[in-house]
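Before I ask anything, here is the structure I am working with.
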Amino acid sequence: MSQILKFYLNGNPVQVAAGDADTLLDVLREGLGFTSPKCGCNHGDCGACTVILNGYSVKSCTVLALTAEGKNVCTVDGLADGDKLHPVQRAFHEYGAPQCGYCTPGMVMAAVSFLNRNPSPTEDEVKEALSGNLCRCGGYKKYVQAVMATARGEFGPLPEGSVGNV
Amino acid sequence: MIKKGRGMATVYYPTGFNGGGDPDLVSLRIKTDGTIDMTNASCEMGQGFKVVAIQMAAEALGVPETLFTIDNSNTDTAAFSMDTAGSRSTYIVGLAAISAAEDLTKKIKVFASASLGVDVSELKYEAGKVFKASDPNSAMTLAQIGAASTYGGTFIIGVGGFLPPPGPPRDPETGATIPSRSMAWGSTVIDVEVDDETGVVEVVNLYDCYDIGTVINPLMAEGQVDGGDVQGIGMGLFENLSPYFPKNIDIYASNYTDYIIPTFMDIPKHSEIEFIQSHDPYGPFGAKGCGEMVTNTQAPAIVNAIYDAVGVLVESLPATPENVLRLIDEKNRAETKAG
Amino acid sequence: MFNSVGKRVPRYDGIGHVTGRTQYVSDVRMPDMLTCKTLRCPYHKARIKSIDVSEAKKSQGVYAVITKDNVPHNLFAMVPDHHVLAEEITRYKGQNIAAAAAVNKDAALDALAKIKIEYEELEPVIDPEEAVKDGAPQVRPEGNNHLFDGKSLTRKIRRGNVEEGFKEADFIVEGRYTTPSQEHAPMETCCSVAYLDASGKLVIHSKAQGLYFAQGDLANVFQLPLNKLKFVGGTIGGGFGGMNSIHTDHIAGLLALATGKPVRFAMTREEETLFSTIRSPWIFKIKDGIRKDGVITARHVEVLHDCGAYTELGLYAVEKNANLIAGANLIKNLAVDSRMVYTNKMPSGSMRGFGVNVGQYAEQVQLDRLARAVGISPMEIRFINAFHVGDKNHTGNELASVSTIETLQKVAAMSGQKLPEKYLAMSSAK
Amino acid sequence: MREYEYHAPQSFESLFRLASADGVEVRFLAGGTDLMPRISAERNQIPYDKKPRMRIVYLGALGLDNVTEEGERITIGACCTLSSLLENEVVKTKLPVLRDALAEMAGVSIRNTATIGGNIMNASPAADSVPPLLALDAECTLRSASGERRVFLSEYFTGPGKTVAKPDEVLVSIAVKPGRGGSSFKKLGRRKAETLSMVNAAAYLELRDGICESIRVAVGSAAPTVVRCIDVEQALVGKKINEEVVREASLLVTKAISPIDDIRSSAWYRVRVAPTVVARAVLTAAERKRG
């Protein structure tokens, strides 16, 4: 069975048919064609599908789509302001953090959500906060460096207001 | 109690396919505005192939890397690549790119010779410009050549390839052959902390020193090394699809919950990388392969460090808490017996 | 000295990665695309007594169901002995037997449930040390042991005289080391999208690390000329050697040919972990002779590689392993005897450090054992036995650019270890 | 392929109506971090067995996400996410043992979704929130059409994945009394984050002049359910707490456990390290009390 699901995606109202047991990841990728959240495990382990739901990072493969009714979902597509990348995106790129890039959209969302809550973290806090996002190519080290650099303001101030909040 | 230990490992690794004979081709095409299309069908899987290939072609042509696009996307349009494996891409694609750049400059000179009315032997190519050696004002830029050749009905495309010389057939009795002319080298020191009550091992410090010849792009090379360290730690401490093998393989890992790979929290607190100054006589600009060797030292260095910490030798990977604790128990039993 | 070489240029596709715009194979969608699912063998080894797909083909939303009988040439891989779809005797748990293409995943799975199949479970062999024995259950008709050069049970390296070398030694040290099955675990699971383009050419979006390699291999499976088969890819969510083997391209391609429609075959994480190629287990036995001064006088290595059910890249791994197993040490008297055996497991693929890092684990741990036997430090034994420029390595390969000594000196400095003057003064140059 | 239907009842009345249907498998959905992967996995399997339609009933609209304090009693709504509890002042200051466990459960993005009630209802022997709640002698409140009943957590689990809750009963809250004692949780996972426990343990103890007056110890991932370690507790009550005594007593944990070999760990290892994990939990709890 399927039902009509209405929610806000990157600030825009969307309406889509969602299967009763579909995950939010299924609906974003298959229903709406937003392929930036990646499917790495479909099991809540890898974090490649991380999006921000009402201000909190979640693994969208563990969220039943219909529970997102009326909520605010932000994917990496909603971060950049036109051509102007979010500081986290710039930091990741310039620090060479992504390698194959498959974990990157999820990593960006986890980092953005984390920095919204903790704008001046320690390295250990960054590692703890991102530990649910697996990366197989990289050493995580450059991701940590990039998040720390963002927190130091190396790539400009974080945008006002928390991403994906209602 | 937490016991500290230090271990090391030293390795070397061939660049390219075992025994050579694995060619790659590169094409370089000038467009009407002087930008350049490079093609080669190697795979970008995170190692940074594209940017490294462009840097080598840019170096060979003496132009900025911003001029390039690269197409590796399909077997209809991208030049042949044997495979993206065996730590071969930088080396073989680089040499193919140098060869393609030479071909391109030769063709540019021929074209410019007709356009400028100057004999080819009097022309020089440097940094994106062809000019008369005795009169540098008599010159054409890549943009001028691209436009004039295309609209003049001349297709200028530099092509080149490289074939690592095939080794002699392996002697079945002695095994003698030449797996590769270029070898990369490396040493790693690892400090661990072992909890001798639980067998849990933590990698605390990690120091890598590698010789990968000329480092074409340190940002990408560091990424390879960082990633190699993490995969090496995974191999050393965690990864095993069927821990009860060879008794049985019916208890197995089937997802990332059960197949444990390192997370952010499992990387060393402190790690350092150094590349030593080196120049391979055969490699492009002195470079050698890097991709695989960088995941070879960690497992043995960890196992050696565990021995240093608690005096037990992990002879079967991975050094899971369980394996380490069993060995500690055996050692303690043996010592008690010996009295 | 260089302009572009040596610069820290960010990656070419980096902006695509951080904005989520990079398109991976698993992101490719086509209009009217069908979904493929496969029926996999539930046993380590079995005889397929009968298989009937007629009901499955009639299942709602199904466009094609194929078995081995629908494959033009049922063998693929670098050593082309791997069956695209299982023949009468299945060789490993999870081996593909049949595949369905349907309007969606549910319809494909429903169809597979309707395949009538009768198995006779057969006794498998899992343990490589059992598999080498006479009378072990046979994994393949040619026998469990691989014959090198068509005749030899062992793949040999011989340098100098090992027996003489052992006589010269003050200590003999032996060790046995094993490594387990490992999964590449790329973040993107294996995935293919195959379709026929307007000209009738079969186009396959592939995760292959070698597009041309896969093209050549599968042209044979499909029996198509290369101008009728195009591979698209080159941007993948991790490979680590796992994508040197074909896991989905062949079946997606066959189903696209059978249906005339785009077909997507994406492995689940479970399939990727359990049924794709792996870094297969190895067993190493090393016997070394060493003098009091720390010089290794002789080494004998016996290697057993558990290749799994098909050759895939196992043989290549054994070759590469043999060449490097004696490590970055000048060893004048060396014997290597490598064997490869087939077992009823998923086949041995290539994985980063391919065949070499497993051996280097064994060798480097053994080296520390030698150091302890002699009473020298791990650093010292590595300096004492290091290669120099112009040395020949264990396959007779003259070494042009060598730097064991330099990397040791540097890593010692980095980690705050003070080296004796004589080691600081050493150089790889002769 | 079986059918699925989803409902998000806005009241308990409609919830109970939905829960009492025949011929369907009713599953309550809280955060979904456990249920959704299971459903997704099931939807990727060849459906050989005909399974009844699954009715997924979402509990998120019923206001079960508050923490309230009434006298000594702290009541935690079953649908509180793990993150919200970690950030909760009452949990932070009064329930350090639960905080310890929450901080080591999965990773941030899972904790943002997963609920405490879900962790309990999964009834996994490895559930990290359960040993702390057992050590605090928590009480669960179940509600059904016929009313509410309270069950001590110590009597709640009947096997792996099994609880005393009837199919039409919903876990609405968990109540604990923080007490005046010290408490602590220790976990041994296969890696340092985002990992299931090989063995975990929690301890709560009250000390007077260094003497243990009262103690509760629970160990997880070592038996079909999380279990209380009565033998360990009895061996410590009335004793002066020091490392030697605790280590000696902790050996008795092996009487309470009956672990199995699984992908995470062998039974041997669990038996071998359970005393260490228990001892560390007890010693840290005592340390905190002494503060």
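A, B, C and D are the chain letters, set down in written order, and residue numbers restart from 1 in every chain.
Methods note: a residue touches a chain if its C-beta (ideal position, glycine included) is under 8 Å from a C-beta of that chain, and two chains touch if they have at least 3 such contacts.
These figures come from a predicted structure and were not determined experimentally.
Student: Averaging the CA atoms per chain, pick out the one whose centre lands closest to the mean of every protein CA shown.
Tutor: C
Student: I want to compare two interfaces, C-D and A-C. Which one has more contacting C-beta pairs?
Tutor: A-C
Student: If I average the CA coordinates per chain, which chain comes out farthest from subunit A?
Tutor: Taking each chain's C-alpha mean as its centre, the farthest from subunit A is C.
Student: Can you check how far apart subunit C and subunit D are, centre to centre, with Cα atoms defining each centre and the answer in Å?
Tutor: 42
Student: Suppose each chain is reduced to the average of its Cα coordinates; what separation in Å results between subunit A and subunit C?
Tutor: The answer is 33 Å.
Student: Subunit A to subunit D: how many Å between their CA centres?
Tutor: Using C-alpha averages as centres, the distance is 29 Å.
Student: Take the average of all CA coordinates in subunit B, do the same for subunit C, and state the distance between these two points in whole angstrom.
Tutor: Centre-to-centre distance between subunit B and subunit C: 17 Å.
Student: Among the residues of subunit C, which ones contact at least 2 other chains?
Tutor: Subunit C, residues with two or more chain partners: 8, 10-11, 13, 185-186, 236-240, 268-270.
Student: Which positions in subunit A touch two or more other chains at once?
Tutor: Counting only residues that touch two or more other chains, subunit A contributes 40-43, 45-46, 96, 98-101, 127-128, 130-134, 136-137.
Student: Can you list the residues of subunit B that touch 2 or more other chains?
Tutor: Correct list: 44-46, 48, 219-220, 228, 231, 243, 252-253, 255-257, 261-265.
Student: Quick one: which bits of subunit B touch subunit C in the complex? Just the residue numbers, please.
Tutor: Where subunit B meets subunit C, its residues are 6-14, 18-19, 41-46, 48, 50-51, 54-56, 58-59, 62, 64-65, 70, 72-76, 78, 80-86, 170, 172-183, 185-189, 191, 205, 207-211, 213-220, 228, 231-232, 235, 239-243, 245-249, 252-256, 259, 261, 272, 274, 276, 278-282, 285, 288, 291-293, 295-297, 299-301, 303-304, 307, 313-318.
Student: So in the complex, which bits of subunit C are touching subunit A?
Tutor: 8, 10-11, 13-24, 26-27, 29, 184-189, 236-240, 268-269
Student: Sort out for me which residues of subunit B touch subunit A in the complex.
Tutor: 44-48, 219-220, 222-223, 225-231, 255-257, 261-265, 267, 271
Student: Under the touch definition given earlier, write down the residues of subunit A that touch subunit D in their complex.
Tutor: These residues of subunit A touch subunit D: 1, 3, 19-21, 23, 42-45, 47, 50, 53, 56-59, 61-64, 66-67, 69, 110, 113-114, 127-134.
Student: Which bits of subunit D are touching subunit A when the two form their complex?
Tutor: Where subunit D meets subunit A, its residues are 3-6, 8, 29, 31-33, 35-37, 39-41, 43-44, 54, 56, 58, 60, 83, 106-110, 112-114, 192-194.
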